[in-house]
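Beneath this line is the structure, given in structure tokens, with notes to follow.
Chain naming follows the written order as A, B and C, and within any one chain the residues start at number 1.
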Amino acid sequence: MSEPLLRVDGLSRHFPMAGGAQLRAVEQVSFSLAAGEVVALVGESGSGKSTLARTVLGLYDKTAGRVYYQGERLPGHYRAADFRRQAARMQMVFQDPGGTLNPRLTVGESLAEPLLLSGRRSEVAARVADWLGRVGLDPSAAGRYPHEFSGGQRQRLGIARALIAGPALVVCDEPVSALDVSVQAQIVNLLMRLRADEGVALLLIAHDLALVRHIADRVLVMYRGEIVEEAPVARLFAAPQHPYTALLLASCPSGDPARRLPQPAPVQGLEVGAEGCQFAPRCPRATARCQQRPALSEVGEQGRVACHHPLGEEAPRSAT
Amino acid sequence: MSLLTVRDLRVGIRTAAGVVQAVRGVDFALAAGETLALVGESGCGKSMTALALMGLTPPGATVSGEVTLEGQSLLPLSPARRNALRGARMGLVFQNPMGAFNPTMRVGDQIAEVLRSHRNLSAREAGARAVALLARMQVTRPAERARQYPFEFSGGMLQRAMVAMAVACEPPLLIADEPTTALDVTVQAEVLALLRELVEERRIGLLLITHDFGVVAEIADRVAVMYAGQLVEQGPVQAVFRAPAHPYTAGLQAALPRLEGPRQDTLTTIPGTPPSLLSPPPACGFVDRCPRAMSICAAQAPGWFDAGDAHRSRCWLWHAECPQDGQRGSRPRIGPADSEEVSGE
Amino acid sequence: MTAAVDFQPLERAPRAELPSQPAPSLWQAAWRRLKRNPRALMGGWAIILMAAFTVLGPWVWQVDPGAQAPARASLGPQAGYWAQVVTDEAWQPAPLQAPEPLTLVVDEANTARVRLRWTALPAAEGYRLFRHERMPRSATDLGLPLAELSPAETAYEDKLRLRARDYVYTLQAMLPEGGERQVRVQVRPGHAITSYEAKLQGLLAIGEPVAVEQLYLPAHPLGTDHLGRDMLARLMEGARTSLFIGLLAPLLFVGLGSVYGALAALLGGAWDDWMMRFADFIVALPFLLFVILIRIAFGIGPGESGILALVVAMVMLGWPTSARLVRAQVLQLREQGFVEAARLSGAGYGYLVVRHLLPNVSAIILVALSFAVPQAIFTEAFLSFIGMGVTPPTASWGAMANDGMQTLFNHPQQLLLPSLLISITVLAFNALGDALRDELDVRAGERL
């Protein structure tokens, strides 16, 4: 099999905390991403999905592990020159539409930045105008300031800035969670269209499972800094293997008042030490074996799960 | 008789640019044991409506209209009287529980304090009640938790403690403003279930303010959809979800990606942005974004039209003389439930 | 209107997605809002007037603020006037020849002296001389007793604080067995200056014979201080000192603090920790003690003027406030998408600071500056007032207020005038700072 676009191998990122302890925000994460593929990273707040994405991009130093882009190993600590080389490979779309553009620069100046910084100074104005059009804005918007635009428009400008240098991979950090529903749909449609037109691969960080189901090809589920399950999107929603994935799915409102979620059953979890499965305290299936951390192992085709007691085919979502 | 009635509620907020008419004549009623969801997007006035009911509007805001709780008119009351009502007759739950607790006081003491100020309980009784309340909210090891400080609680636990504080004096009305927005989905499911139980168990009237249709579907009995400072649709939750009677509601529902069914190629979007409430449009506020807009919509503001059993819509499409696919008087096709038929034509 | 027409679908032109009106940049918008803000207007104009007073004032009002005139000390507002020059020879009055006894005549009447002579009353056992500022209303209402004279004296020279106004002199001759006789004369002394006084003020050359009879004495629109120096000129001179210190010190310490804070935030980690602990340490130093120490280190004794020491002390101790402010802002900015996006595109430190960080903290720095200026002016005034800053003869508002304390009860304007200018300036800068803080808000463009 040929080398994937991005391969992450045993990546960890720890943060020092007060008292000398280490916060293991990302611990031993491995995955790969093919060209043009949309991979979603889901999990609750604090699960490390944002840290993982930023570590992959080099915004955070790597504590351990390696990242390969088309087989080329990326540095553990980035200097400005490393970012300049990477600008045409990987870019990012940010969550907060208010902070995604510098309020003191015109939209055109913000959009031109990736081009100018990575040394492509030809036809900058034409490219900016072209990209404004592609995200559905008038080219004359280049002379305007960010505060003149709505949240959704700013998010589109953020997407244009991420794509203008022609990267093969764009990390989208909760690109719509700060937006209203009617605007979310515009952004989601835009991302889908750009993916089809440009063939760009997306690493999508999201907590909204319905959105993930709509956009993603493959899903990585994170819990406390580790990947606990990986599966193609259809498989994941039809037959989650990890009890945590199952819990996430079971907690999502169906959007249908006729089928409300059942009362969550109280769970008698298992207290485990630092070496145990992190989910055991909340897990209805925990046994003594869970005192040992389960490895991420293959289940079925293209799927992996880190659990001693995966659900198998027994609990498709429709039964809950 | 209704527990809470709101009639022609208007809130204006003075700003440097002029008066923002955040709420422009809102009417609804809430019965005991009922959950009404006030749903809308940011800036639609739903939170300002909630603050006006609580009597917590910001300085510079003018509130008019009529708000009646258990037969008592609230707006003419002095700030001190309204203060006494909060906690005793209406419990409040906010989006950010960390901001609602005093960080330097133990959680149990804060709940007990509410009980003591409204109920004249001794410190010992109030403390015991606080622990019992925390236990009722499914807080594990309640006695131990009551002695902890807010920062020792997780977000979900603190939100339960806040619900405990809100219902401590058994108020007939609970106003919850985005109570689960800051929570993870697994915790959200637990808090929603808890609220549902409380409403049934204590016959509380729950006014839920939210932007999330998923939450509405989970918990509401009735829905009121708010847009540009006005309610545009009101009705039983089943009816509103099955057959939305206002193009705005229909548009919002179509814009949401779904957890089930076939994957859509593109999501339906609502073009444009809501109108500025500094100078609200005289006609329908949705006309610029509406796929079904008619010339009357730009000329005259619609009133309420019946759209079914206890289901009302503020949309000209329901006018008796509005032609529906060539036929007058038949039900207009607005929502996704109808749209499949439409696309089949 | 008929319903059939009204229910026709609405024709709409497809709209381009663009904000309808080009909005101004954040700076332009802030400037427009400032121009409408009453506090900004009030503060801004007051500062402009104060600057004109300080810079242009001495061009218009060319009076030496250091020139002393002891004879003209603590005057109220005065117009300029011509004064007769009088010499200081001793007066040898000849006895007055007049037919009537107890005839009172005025030989000379000017503000330097009023010379009175009278014919002796043979029976008199002595004389009393009174001066009143108006005509006496009763026998006992005679005014200020000037002198009690023996029967042999028949002349008197009055030099007691004379002004150019009407006086009524009453001469009382005391007769045996308690009897008395009075005579009265009304005079209006003309303006005069003694040649000695004129030489002292440099109006006449020393050592030369007095050649002029008249001299023009300058006006004092705000009066003079306790040494006869012109108040207006001194207030202008004091404004220079006060505003110089009040602008220089904040510029230096806000600048230093901003660089320090931005550096701490950018370096982060242990650097940040240590740098901010050091800032905390500086905040904990007692300011007054430090001012005294620096004065000693600079070799400035008590009662000496130390502008440099004052500025050094303010800069050394003043920077942590703005350092904290800027650090917090930069920490916040660092997490913003546009900073991370610029890093992802390969932006270096310098580029980040110049293009993204500085423009976004400049508003905060400006606000910090406009609040630091009144604080520094006030500190200077306070230190000068207690004699730890600028001391006479250098004028500063604080030092002038200190001087004014000495004559507080008789001439309160000497304390009130500099205090008023301090208050106006401090208030103006605070009002402007307040308005700037409101209007320069980075997200102000999003406000309704």
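Structural remarks
Criterion: contacts are C-beta pairs under 8 Å (C-beta built on N, C-alpha and C of every residue); 3 or more make two chains touch, one makes a residue touch a chain.
No experiment lies behind these values; they were computed from the predicted model shown.
Nearest to the global CA centroid, when each chain is reduced to the mean of its CA atoms, is chain B. The interface holding more C-beta pairs in contact, when A-C is weighed against B-C, is A-C. Centre-to-centre, using mean CA coordinates, chain A is 31 Å away from chain B.
Rounded to whole angstrom units, the spacing between the C-alpha centres of chain A and chain C is 64. Mean C-alpha position of chain B lies 60 Å from that of chain C. In chain B, there is no position where the chain touches two or more neighbouring chains simultaneously.
Per the touch definition, chain C reaches chain A in the complex via residues 16-19, 22-23, 25-27, 335-338, 340-349, 351, 355-356, 359-360, 442-443, 445-446.
Here chain A touches chain B in the complex through residues 44-45, 150, 180-182, 184-186, 188-189, 192-193, 207-211, 213-215, 237, 247-248, 250-258, 260-261, 263-264, 266, going by the rule given at the top.
Put simply, chain A touches chain C in their complex at residues 54, 57-59, 80-87, 90-92, 94-96, 98-106, 110, 113-114, 117-118, 136-138, 140-141, 143-145, 147-149, 153, 158, 161-162, 165. Residues of chain C touching chain B in their complex: 1, 3-10, 12, 15, 33, 447-448.
Of all residues in chain B, those touching chain C in their complex are 15-17, 20, 272, 278, 287, 292-300, 316, 319, 321-323.
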